[in-house]
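Scrolling down, you'll hit the structures one after another.
Both of the next two complexes hold chain A, though its partner changes from chain B to chain C.
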Partner chain A sequence: MSTVSENYVPGHAAAAPQAGAVKLTMVLSGAVFALMMAFGLLMRAAQGQWIDLDPALFYQLLTAHGAGMVGTAALSGAAIMWYFCGRHLVLSGGIFWAFLGLFLLGVVLILGAIFIGGYGGAWTFLFPLPALSGGAWEAGAAAAFMLGYTAIGVGFLLYYLELGRRIHARYGSLVRALGWNLILGREDNDPPPPAIVAAAAVTIFNSIGIILGAAVLVASLVHLLVPGFEVDALLAKNLIYFFGHVFINASIYMAVTAVYEILPEYTGKPWKSNRLFAIAWNAVLIFVMAVYWHHLLQDVVMPPWMLVVGQLVSYFSGIPLIAVTAFSTFLYVRGSRMTWDLASSLLVLSVAGWSVGSVPASIDGMISVNKVMHNTMWVPGHFHTYLLLGEVAMAFGFMAWLVRGKTISQMDGLDRAAFVTYLAGAVGFVTVFLFSGAASIPRRWAVHYEEWLSHDRIGTLFGGLVVLGTLVFVLRFAARLGRREG
Partner chain B sequence: MRMICLALLAFAEAIALRQAAEASPVQHVLVQMPLLVLAGVLISWDIRGRRVWAVPLLLTALTAFLFWMLPRSVDWALTPAGETAKYLSLPLLLGVPLRLSWPWLAPVLRGFLKANALSMLGVLGFLYTHAPLRICNSYLVSAQQDLGFAFLHLAVVLACIWAVPVLFGHPRWLPSGSAGCSKCGA
Partner chain C sequence: MQPVVLIISLILMAALSAVFVAAARASRGPAPGPGASAKRSGLIWVMTILGVIVSVASLRDWPHALAGTGDALEVNVSGGQWWWDIDTTEIPAGKPVNFNVTTEDVTHGMGIYDSSLTLLTQVQAIPGYTTQITYTFEEPGSYQILCMEFCGVAHHDMVNEFEVIAAEG
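Moving on to the complex of A and B:
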């Protein structure tokens, strides 16, 4: 039993703003994570020819898995950041409920589009694929899918508007909340805590992403309804990847606030903003928007300087993360004699996984490598590292902390088994993806050659472990809900 | 009185631009029509609106705005009947209701309307630059494309104007912050 958490009581730690709404959101997130992982498992088993799956259904599952995972990562990240920003700001509960309601409306539309309408054009809705189904789905299904995205986008816009205006009201400007006073060495009696610095950065770049995403969504909808109106394909791809890249990255940057706010309870050392931290987050703000060109390295008609910037920023964008969050986590944990319960273990794992995930991402961000690797399993390998060992682990760590109780105890047998199962499964699963990519096995193929089956089958086994660990985390969270006061 | 004079000036300027509006959709949609809306805003500047009217007034303004966004309405605005409707409806059904409702709107709703305006300017930019046919029969395709690019430029300018105070704080030389105004009672 540790006493660290009893000794360390930050001034705001007692606050549990809108805990009910956040807990409900995390229950929904956990359930959808488990369901989407089951979809992923089905796809890997089908690729390994252990089960028969109609290719049309495979692409529907692929679409649901992609859209569902990105959406749920963002939903859980948003709930985490809302919870911790609520310690420093007075946030409107009505806005959060509107956000959640619009999100669920979007989910209904997307699921209907996929499983009733047969839409299988992948979560990226890349122009002109939604309108060129070859008879697999009607334009109405693609339109419902995009309207679902639009509903979710409107929900997120309300979320960021509320967050942004409260930050503005408290700190006077977003640049102050981004820590510019710390960077410029000015005196600041009320410096923004790490969660607020992160929230200010995410509010800025994800709002821009959503506004541009809304424009390309509506333009694509017009094209679906009046095919004569053709979007410029390259412009559409740029807008979609700007929106998609920023959105999925925002989910991790929102969830990392759990690390900043929870780990101090274990280490006994408060995590404060300083000059380096503020510089890193301001760099993230620029890099996350400038790096999306690394998704277009195979588009030879892109201006070369954009592709060069995409490659260079891919190198740089890992630095703020590794130099600040990962290195700081190491320093905080080192020598703190912290107790390793499920929450702290998952949160530290998430920072490690996030950092490791930046390595295959940077490799794929090199133009010469991308030419060969872009359409291989290497790419799902890198983003599954970010997500399974990064954002999703952060979300599960936050869920474990929410129902932990006031005292911190070592992991019991079930928690330890679930953690080890999840860790082993996730590491094995992403390693198989990366090996498959290195072996030039293509991604997004419903049917695989005989020579690739061993990769798929090993991946399926590891995927099964991930689903098992996830089920324990989610069921444990649901069972313990309401047991902790406040 | 000063605001009424400014409103009359904006209205007179819009009428003076009648020929220019026929010649160019950019001057029609992005100069003359906004001047008419501005005239309505200025004429109602000192009127005290009531909170209960905010939603109906906003809906009136949005309906008028949606109507005049349609390319067909832009064409119609060059006919005698449409021109009269434009001179009357843009100040009275868009400018005045927008001014009277705006101070009562919640900050999140105001932000949403602004963000939506940016997105829709982007969509209009796409429509006018990529349309496979003349969507306004009164103007050339090249002029239609000019209007599309003007929409995109306007989106960038508005984004900067709206983002700077949020990023860097409200300038001290401006009289009021984001919340309401004393004259209209909000």
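Moving on to the complex of A and C:
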């Protein structure tokens, strides 16, 4: 039984249709990441009282940063997965452009809602807060924000419809694309490569997430427009966190296809779909949907079994991540004599950051720990770990790979400096958040007590390093892209 | 509890990071031998067994268990944009307290902090529901309620206080 992807061509970029659209998307993503990081830095400096921000503006920035970062993580992840699925499937370019257009329409609506309409109800739009702002924003601003989400959601559904359709056409069924022949030990002389297994799984769970998210969006919109239309707040919260959890995780699961497809060019060993890999992805498919209850561990009126599942799955999700993805990365790297350029360094870092970030996440997934850590800075501490050092590192690694030279060579001085700055900044930044969480500092507070300021200030300094490193990555990417296209 | 959680997390995170650094270094070393897949199975078993032990140990006593109404003091807390109302301002130390928490508008989070600003326990306040938690205060002193769920522009101002007094007798 051969498990080697047939499309694998060592040291050579396989056919990549729509590379132009993907590159444009990555330039946009890089620019928005940098801008949103600047917003983040403003918030951190305001918490440290180094600058003076009106709380209303702080919460608007928080809303923009949350929605903007989650959206951009998903956008960049989607571009990466599209690019690599294009090596194995014929995908329609028109769909990608429609997806990108709807995304940008959504961005315009969201930015307008926040900075013109004053909406500051956070990216999670927890029902019924959008409708009850206490005078900070009008219903129209909340509605514009939600219409922005709707546009982005429709774009993503188109994207997944196209992927699902093409996977079905090429592999006969999503079940086969999920690697069930490998799992059942059946003969398959054309097994789905890792990028396709990932795409099949993400297509299923993120479509479900977006549809449930759309349901609560519509209910919230009707509630805004029709007074008296009530929704059960706990049900709405379940739907929102299901959507939010699945959507942000999908961004990492899409971006990891860059690791599967790019690292082999460096190690000379193709990343194979095998039985264990397929089992891991099918486990992820279930886990990512069943784990969202860990956001509701302090909603004590939830049925207890759901909270128990939330705790258990938070822990057991770590097994496919650490024992399969991280462990395989070790094996591929070991003895490979690979060259550590910016792309390969960032991609290996991304697997590390993702795995390391899962540790404080699963510990916080324990109900008893969560009682004193929930909604403290511990939470931004763990998710910034697997976003800054995971998804974003994957996106930056992919960008560096897109514009790498003809021959792979070690990082030059500036790339190395940017890498070290970014890494040191991000590690420091998230560690401070974890210390702050352990010091009981609540998250999402515009104004901090005297006792907390040193945390905020040290965090701001590290955050500044992250922004510096990012600027170098993004500007160099744009410059190298310009040079190669021009 | 928080310092222990922090230390365990940092140790595990540092250990995992060290493994990654070692793996990156090993790119110059020999290729993985035939024992790799056995090591992976071992890792899966260790993680599974550890998970079962920790899960059972941490859930055997249900973390949200309430004290029986007979021997507990009932305290009602209600929240709204942006205030907390507590119907008992002096709570005796050493006696379990059942907090019954409600909200008049959006979702809030009732977090109880001691005078050194350490979070002791919390529960969400959900529109249309009464949520309950039990806590027993050991030390007399002043305590604060801080809002733990984002609820609008004055979320950080939603703070109130109560006193815990030494039990008589």
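By our rule, the second predicted complex is superposed on the first by the 468 of 486 C-alpha atoms of A that agree within 3 Å, B and C clash if a C-alpha of one lies under 4 Å from a C-alpha of the other, contacts with A are read in each partner's own complex, and residues count from 1 in each chain.
The definition used in the following text is that a residue touches a chain if its C-beta (ideal position, glycine included) is under 8 Å from a C-beta of that chain, and two chains touch if they have at least 3 such contacts.
For clarity, every value in this text was computed on a predicted model and none was experimentally measured.
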Counting residues of chain A touched by each of chain B and chain C, the higher count belongs to C
Name the contact category of A:Asp232: first (chain B only), second (chain C only), both, or neither.
-> both
Determine, under the contact definition given at the top, whether A:Leu174 touches first (chain B), second (chain C), both, or neither. first
- Query: Looking at the overlay, does A:Ala219 come into contact with chain B only (first), chain C only (second), both, or neither?
  - Reply: first
Requested in this report: Report for A:Leu161: first if it touches chain B alone, second if chain C alone, otherwise both or neither.
Outcome: first
Report task. Based on the superposed arrangement, let me know which partner A:Ser355 touches: chain B (first), chain C (second), both, or neither? Result -> second
Chain A residues where the chain B and chain C footprints coincide 232
Chain C contacts chain A in the complex at 1-3, 5-6, 8-10, 12-13, 16-17, 19-20, 23-24, 26-32, 36, 40, 43-44, 47-48, 51, 54-55, 58-59, 62-64, 81-82, 105-107, 109, 111, 113, 117-124, 126-133, 146-157
In the complex, the residues of chain A that touch chain C are 55-56, 59, 120-122, 124, 126, 128-129, 132-134, 136, 232-234, 237, 276, 296, 298-301, 304, 307-308, 311-312, 315-316, 318-319, 322-323, 326-327, 329-331, 333-338, 340, 348, 351-352, 355-356, 359-360, 363, 366-369, 371-376, 431, 434-435, 437-440, 442, 444-447, 449, 451
Note: in the complex, chain A contacts chain B through residues 92, 95, 154, 157-158, 161-162, 164-165, 168, 172-176, 204, 207, 210-212, 214-215, 218-219, 222, 228-232
Contacts from chain B onto chain A in the complex sit at residues 107-108, 111-112, 115-116, 118-120, 122-123, 126-127, 130-133, 159, 166-169, 178
